[in-house]
Amino acid sequence: MAVLELPQWTALAPALVFVATALALFVIDSINPHTRNRSLLAGTTAVGALAALGVTVWFMLAGVGTPTAEGGLGVVELFGGQFVVDQMTLFFTTVVSIVTALVAVASYDYMADHTYQSEYYSLIMLAATGMAAMAAANSLVTVFIALELASLPSYALVAILKDNRGSVEAGLKYFLIGALSSAIFLYGISLVYGATGHLQLEAIADNLDGADAYGGLLGLGILMLIGGFAYKTASVPFHFWAPEAYEGAPAPISAFLSSASKAAGFVIAFRVFTTAFPVEATTAVIGIDWTTAFVVLAIVTMTLGNFAAATQDNVKRMLAYSSIGHAGYALIGLAGLSADGGELVMGAAMMHLFVYGFMNTGAFLFVALAEYWGVGRTFEDYNGLARQAPVACAALGIFMFSLAGIPPLGGFWSKYILFTETIGAAGTNGAMLVVAAALVVNSALSLYYYSRLVKAVWIEDPIGERDALAQPIGLYAAIVVAAVLTVVALPAFGPIADAAQQAAAVAIG
Amino acid sequence: MTNRPRLRLGQSLAPGVLAVALFGAMAMIVLNTGFADEMVGFPAGISVTSEIGYALFDFTALQSAEGSIGDTEPFLAAFLLVAVVLDAALDAALVLAKRETEGEPVAALSSRTGATPGTTGSDQVAATDGSGRRRESADESAASDTAAESGGDS
Amino acid sequence: MEGLFDYAPAIALFPLAAFVIALAFGPKLPKKGAIPGIVATGGSLLLSLAMLAAVAGGEEGYYHETLFTWAAGDAAGEIGTDAIEFTFGILIDPLAALMLVIVSLVAFLVHVFSLEYMNAEGETGLPRYYAGLGLFTFSMLAFVYADNLLMAFMFFELVGLCSFLLIGFWFRTRSAPSAAKKAFLVTRFGDYFFLIGVVAIAATFGTVQFAGEDSFVAAAAAAIDDGGQLFGFDAETWVTITGLLVLGGVIGKSAQFPLHTWLPDAMEGPTTVSALIHAATMVAAGVYLVARMFGYYALSPTALAIIAFVGGFTALFAATMGVVKDDIKQVLAYSTISQYGYMMLGLGVGGYVAGVFHLMNHAFFKALLFLGSGAVIVLMHHEQDMWKMGGLKDKAPVTYYTFLAGALALAGIVPFSGFWSKDEILYDALIVGLEQPLIMAAYAMGLIAVFFTGFYTFRMVFLTFHGEPRTETAEDPHSVGWAIKAPLLVLGVLATVAGLANLAPVAKLTGAEISFLEYWLDGEYGGLEALTYHSYHETVPFEEGAIGSETTTMLLGAGLSLGLALAGAFTAHALYNVPSPTRHTEKLGGAYDVLRSNYYQDEYQVWLAEGLTLPVARAADRFDQTVIDGAVDGVSSVSLFGGDRVKRIQSGIVTNYAALLVAGFIALLIVLGFLGGWFL
Amino acid sequence: MMIEALLAVTLVGALVTFVAPNRIAGKLAFAISLLPAGLGLWLFSAFDGSGNALLEGELAFESRVEWIQIGEYTVSWFVGLDGISLPLVVLTTILCTLAIVSSWTPIDDRESQFYGLVLFIEANLIGVFAALDFFVWFIFWEAVLIPMYLLIGIWGGPRRKYAAIKFFVYTNVASLLMFGAFIVLVFSLGDAVTSFALPEIATAMLEGGPEAFMGVAGSTIAAAVFVAMFVGFAVKVPVVPFHTWLPDAHVEAPTPASVLLAGVLLKMGTYALLRFNFTMFPEQAEAFAVPIAAIAVISVIYGAMLALAQTDLKRIVAYSSVSSMGYVILGLIAYTQFGVGGATFQMVSHGLISGLMFMAVGVIYNATHTRMVTDMSGMADRMPVAVGILVAGAFGYMGLPLMSGFFGEYAIFFGSFGSGRLPYSQVFTPLAMFGIVIVAGYLLFALQRTVFGPYHLETDYDVGRAPLHDVAPMFVLLAIIIALGVAPELIFEMITDAVDPILENGGEL
Amino acid sequence: MDVPIEYFVLLSMALFSIGLFGILTRRNALLFLMSVEIMVNAANVNLIAFAFYHGNLTGQVFALFAMALAAAEVAIGLGIVLVLYRNFRDVDVTVPTTMRW
């Protein structure tokens, strides 16, 4: 159906669009250094992100990545297996591009008059390229490099408010834990290379049966890889950077990190653990089913994230912990994999990450808006905002109830399908029932602190006097779009669910 | 006078035990793994550096007469990617390291801070100042005048 | 004559129309809603008389028609029926026709009476009063000619509601609403057992019809004959149990022994209400129900014996209390309880005709006495204490003579109606008592009560009308108009003449067929075969003994009761027919206090309600708040406390993070290592 | 098609009211709510369905559209009405219209948001009763929570925040538990079921019942799921041990909200019990007959005793709802036509009567601004009409004949007394019937202290006659109650027609 | 005769642990960076050793890339330390604890 037959390498178009926009921003910066023309900068960035989104969606509709057996144009293998473009790649690239577009539009107001605006936008674009590359990476080499490409600009973006103590401290901690985790990740890669002699994921899978002597080594390597993914997705025990980083960073960047880079972290985890280490082959080698590690990680991350968030009195920090909680929910996607497929549970996790993407971005952007208004940071400071800004607060209500998983909002589908599939997976692997129970307890607790914010905004009366609140276009536009997406996600969940489940089937199959 | 770096010991050594424990565990694993007792090694006569070069750019066509070493994977994609990474790193490092001339705002919403002196009651400091745990009164020190503050209780 | 039966529903609908008119347009009507009431009850009276004639004249002499199906469905009855229908229907047979006449007559007279009694005094809220009366008459008439037990129960409760509304008419006082509440709750407690009875009968026999071939009475008789098991009991015990359950409602409504405490308090309502509801009609509903389903009770001797004993005991019990009361209405209230005790005794010993006869007579003379006391109250400017009256004899001759007629009837002095019916009850009780010791005890109590009845009746008459006026209001009483005198005269005549309906002793002595009521209830003039006196007589299992021949026992009984009644009257005459009587009853000392406070029944029941249930309720509430609610809040506080602890590990120092990170990694490594066998 | 129209009208109405100015919001909302009420009545008249929706009954206004594919189960938008759900839908539309009218006086700030939320709740309630696909039903079931939370939270009484959050989290956790149990059931039914449509699941349950799942035998799974779902719904009904949220929610909610809460939200629990527990699990229902009957009797007596101890009028009516719902449970467990049919009828009648009682208490509160029984007496003196209706409502509550309450209770007593499947039914029924005495006790006790006796009021408000628009809705309700009392066949015939199929497979008639 | 591979792996693990020890005990940000560098080089040792062990050059080429990325990381690390110093007048990583719990 493709109107014009594009050459093979154009399959990486989304990542290329991101790079092109980044370079375009460099050119703009070099023409007029320290430019203050934020509409040009934010505009280019947003256009770049939307272009990438457009291309990705076009590819998905055209059937790029769906195996030819199912009438698609086939999975595209590039650079000798270093990159692969299939349904999962396109699915996660859509998430990354949506979030990037929202963040770009929001930063238009948030970073107004900032000296390094052009660098800010170019770094965002570079990070987005890194994430798109992570989605397409098919060898530990490209995974590691793409991971670095996504992380390095993020360190700078977190610390970009150079004279703000919080931002600097956040950048420092994020960098230090990031450096440590990437070192652990690299060491893990070396051990896996030691055991199998290859770095390309399919090659590793083929050499697994040869590596039965190195059971312990491969196990340690896999564990270190899990450490690297845990860092990127902010799951326990590599989550310590997250609360500070999200609280200290500028709000759009927190949104960017907690939605896009978390999704990217999950895509490499899914890719590596479905292609390189299929469950039964790896169990034969390392003696233990690696899904147990993910079961433990999922339960602990969920519980820590939700319990810590319950008693926060700083809104942004509560959102940070809630984002850790949601990482726990997404980990179920890996914990539920089993010998006979389990792609449904992974598909459910992908659905959750998709909807979570714009729910969470919306929530953080509301915090950005609140900072824009200068109303303060704690729940009491937020009291009674709805009286002056009903639209934004309605959007916040939508985000909060959707994160809690209450219908009639998009978050319902993702959480409850995940719950259904967890019980489905429990059919074969008993531990999943414990995960399901943890899911129930944690979502019950999440009801409490999400509704606490809604209570503060809608029900409480404002503590101090507040004059009229401005309505910045960029932030409002981003929040309203995110809210609309969240609400529309409920009726229009069909295509999302099908795309996710096909992607999971292709990845596992 | 040079102050030679003194090893600040004391309570800070305790975490070190973790590193040693990790080493012990990893060593146990290594001792337990059955490595083949001799290396495959590289075939003699082929210059390793040229092979690395060919692998780097996936130039199988220009391979020297006696064929390549083992089944090395092509690194062209990695090469392109690392180029972008280095560029990004440079850009990021410059952003962080450059010293702003006076008056160039680097705070977020700086336009807001200047424009709306009127927002009393809430600290109009850059939004994301990690306002310290000890919550003093509302007029907490604005982040911009960092000079005075000594930061968190060190 | 047949066509007349089609107007039967109108009998009840007239008062309903009056209720609606009074409620909606009452304030604007000339007499605040009295006129529609009078017209409606008048219409019902005429139609009831027409029904009487229709039953007498018609060829099969009864009218059984189902008007409207309330609810139908399939339900597995115990005796194998698989469907049941709950309907609204009309059954007019001799008994119902008789009762219709009684109720509509008394209602009509009370409406006329209240024209002067209520309107003249300038009462506020009269539309509410007349609406209440209208609703009451509607429910009572509908209850009377209900053709099934469920419909009877429904109107039984509606009647209870109307009594609540009317007792609490003067709701601005503190005592009236609480009396209304007490009345409703005590009767409700009785109705609770009645409802269980209705549900049990419906669930057992698959039908609740009184008459016709598919009536539950016939089904019960069939079940007893083939001796099957019903709900784990054999048929007869089950019939007894359900009978006694329905009896609970009867005891509540007819104010029999345990549940009688509400009637004296019900005197808080206007006297006209007491006259209509708490004398003639509502209180009679219980006894009428027993008569209505007498076939069912006839099947179980134990139920009958219990009815008889309760009746006898209540008769004596209430009579004793009537003796010491000072308020004229209280005396009448206790006398009502006692008289209904007699009726229960009558029905209990199988004296169906006697019971119904006394029911009719009592309706007339007790309504007369209450209206008379109403007149006296009007005379005495709303004073009810007899010790403040005296000497009204010559100031209100009409009231006096009618009141005297009523008193004589109540005491049971020969020519007056009360004697004939009470004597017949005692006679029936005697002849059965000779064979049954329990019934004999009931008879004895009934007999002793005759003396007390005579005593308190005439004590009341002498204190109110005879002797010197003891207060100046008694000097020149308020004059009384015709609206009061007319009903008194009508009832006075009835109280004297009604006895002729069934002069059983004379009929036995002279052999003349003058016991018309017996023939009427025996189906001579018409009526369903199953519901006739003789069919009941066959089923009642009590044999009758006799002292010597039958006539001697009859004469002996009559003499004994008449003598006692006269003795009572004479003692009252001796003690109270003096110019300025003294409070003789105080001389009784301890017994006086016990009687004065009604054997502490009130305190006991109030204690049961306030003293016991309220503290238990408060304890339950405290338990509910602390334990169950506490558990719920506990869970949330535990999880929040957990959250607070978990939050603490984020200490803010990077090296701690690195340390915890590595520790976590090592823990995972060791766990997986051992499971995976990496270290071995 | 009609149900979609009904939902669409109500939802659009809600949106329009949200944005309407506060001044006219009340009148506008009333006008809008007349549409669904009219439609509801038209549905009632044009009802041509027969049999039970779940057991191959012929549905009225049925429509089915495929929506989402989860694994091999399809979720489809499947709505339809049968004899059980239609009366409840009509009850909902009527009660909402009257609740809106009765909130013109008490609600005086943020009216447009209030009426918008009320209409939104109405849409969800209609959805709950009309949905026949498990997910669609669950979406409506949970979506009711947000508007009710906000209603209680924003316009409630002094302790509204505590009551709102307690209601929100309590009912939500119960629904999560129930959701998990049902999913376990669906998975354990294996390939007998390929969609979440309730009729399909019901037939699968009645034919084969669940096979083994997670190594647990099919019958134990069925029993465990039955108990879990019973507990899940019991919180909503509420049944005694799980009832503590009800009095707080009722007392703190604004009057119109508590009219809806008592009128319809409680019926969702009993409706769900009938649809799920008593239609799909006949054997388990019989196995657990005695404990459930015991719980029902305890609910009746304990609830009534609690009501006796209250001094706040609203708490009295709230606790009496607990006791009335106990009757419904007794009716359901009896498994006879009069028992189950009576229970369904009692749901409708209790909805009307408790709605009337709350409105009446609300009218008194509007005038006296206190609900404490000890603070006032002799209200009949000043507000004869409103008090008249309150007395009528109280007698309706006590089960006075010729009012709908009597038929509901009588049918349940008759049904459960002769029930073949409930052991010791001759003991349970009289015990439960004792409730009618206690109900009479505490209602008259409360009436006597507040309404009769000399006029006295602690709070210094001058009490006058209640305005017409407060009294009119109560008259309408009273008329319906008396109509249903005199001629229950109006809806009982339809109910028994829908209930019979349940009894066929449940045991003898 | 080549040196058995175990020694190389043990060496790299030792280096790795030393780097980790440096991170856990020293409080100076620069030393933190140096420790991370040591850990990365430990990984490189491993890669080179296994490259020779398996007889293909993938390990070596990847080691080159690892070094490049380590350099990039340090560049940003130094940038961050610079900004840290400007704000906190100290390079001690345990000083900035304004955000905790």
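The letters A, B, C, D and E name the chains in turn, as written, and every chain counts its residues from 1.
Criterion: a residue touches a chain if its C-beta (ideal position, glycine included) is under 8 Å from a C-beta of that chain, and two chains touch if they have at least 3 such contacts.
The chain list, named the UniProt way, goes like this: A = NAD(P)H-quinone oxidoreductase subunit 2; B = NADH dehydrogenase-like complex subunit J2; C = Proton-translocating NADH-quinone oxidoreductase subunit L; D = Proton-translocating NADH-quinone oxidoreductase subunit M; E = NADH-ubiquinone oxidoreductase chain 4L.
Please read these numbers as outputs of a predicted model, since none were measured by experiment.
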| item | value |
| --- | --- |
| Leader among chain pairs (count of C-beta contacts) | A-B |
| Most widely separated chain from chain B, with each centre as the mean of CA atoms | C |
| Centroid comparison with chain D (C-alpha atoms), farthest chain | E |
| Closest chain to global C-alpha mean, per-chain Cα centroids | D |
| Euclidean distance of C-alpha centroids - chain A vs chain E, Å | 26 |
| Chain D and chain E: spacing of chain centres that average the CA atoms, whole Å | 65 |
| Separation of chain C from chain D, taking each centre as the mean of its C-alpha atoms, in whole Å | 37 |
| Distance from chain E to chain C - Cα centre to Cα centre, in angstrom | 99 |
| Touching two or more other chains - residues of chain C | 636, 647, 650, 652, 654-655, 658-659, 662-663, 665, 669, 673, 678-679 |
| Overlap residues in chain D, where contacts from two or more other chains coincide | 169 |
| Residues within chain A bordering two or more other chains | 141, 145, 148, 152, 155-156, 159, 162-163, 165-166, 169-170, 172-173, 176, 180, 184, 198-199, 215-217, 219-220, 243-244, 247-248, 448 |
| Contact pairs between chains, per stated definition | A-B, A-C, A-D, A-E, B-C, B-E, C-D, C-E |
| Residue numbers on chain A that touch chain B, as the complex places them | 19, 22, 26, 34, 78-83, 110-116, 119-120, 122-123, 126-127, 129-130, 133, 139, 141-142, 145-146, 148-149, 152-153, 155-156, 159-167, 169-170, 198-200, 203, 213-217, 219-220, 244, 247-251, 316, 368, 371-377, 381, 464-467 |
| Contacting residues of chain E [partner chain C, same complex] | 20, 23-25, 27, 93-94, 97-101 |
| Interfacial residue positions of chain B with respect to chain A in the complex | 26, 28-30, 32-36, 58, 71, 73-78, 81-82, 84-85, 87-89, 91-96, 98, 100, 104-112, 116, 118-131, 143-144, 146, 149, 151 |
| Residue ranges of chain D in contact with chain C within the complex | 166, 169-170, 241, 243-245, 302, 305-306, 308-310, 336-338, 341, 378, 380-381, 395, 398, 400-402, 406-407, 410-411, 413-415, 417-418, 420, 426, 429-430, 433-434, 436-438, 440-441, 444-445, 447-448, 451-455, 487-489, 492, 496, 508-509 |
| Interface residues, chain A side, partner chain E - complex | 141, 144-145, 148, 152, 155-156, 159, 162-163, 165-166, 168-173, 175-176, 179-180, 182-184, 186-187, 189-191, 193-194, 197-199, 217, 243-244, 247-248, 317 |
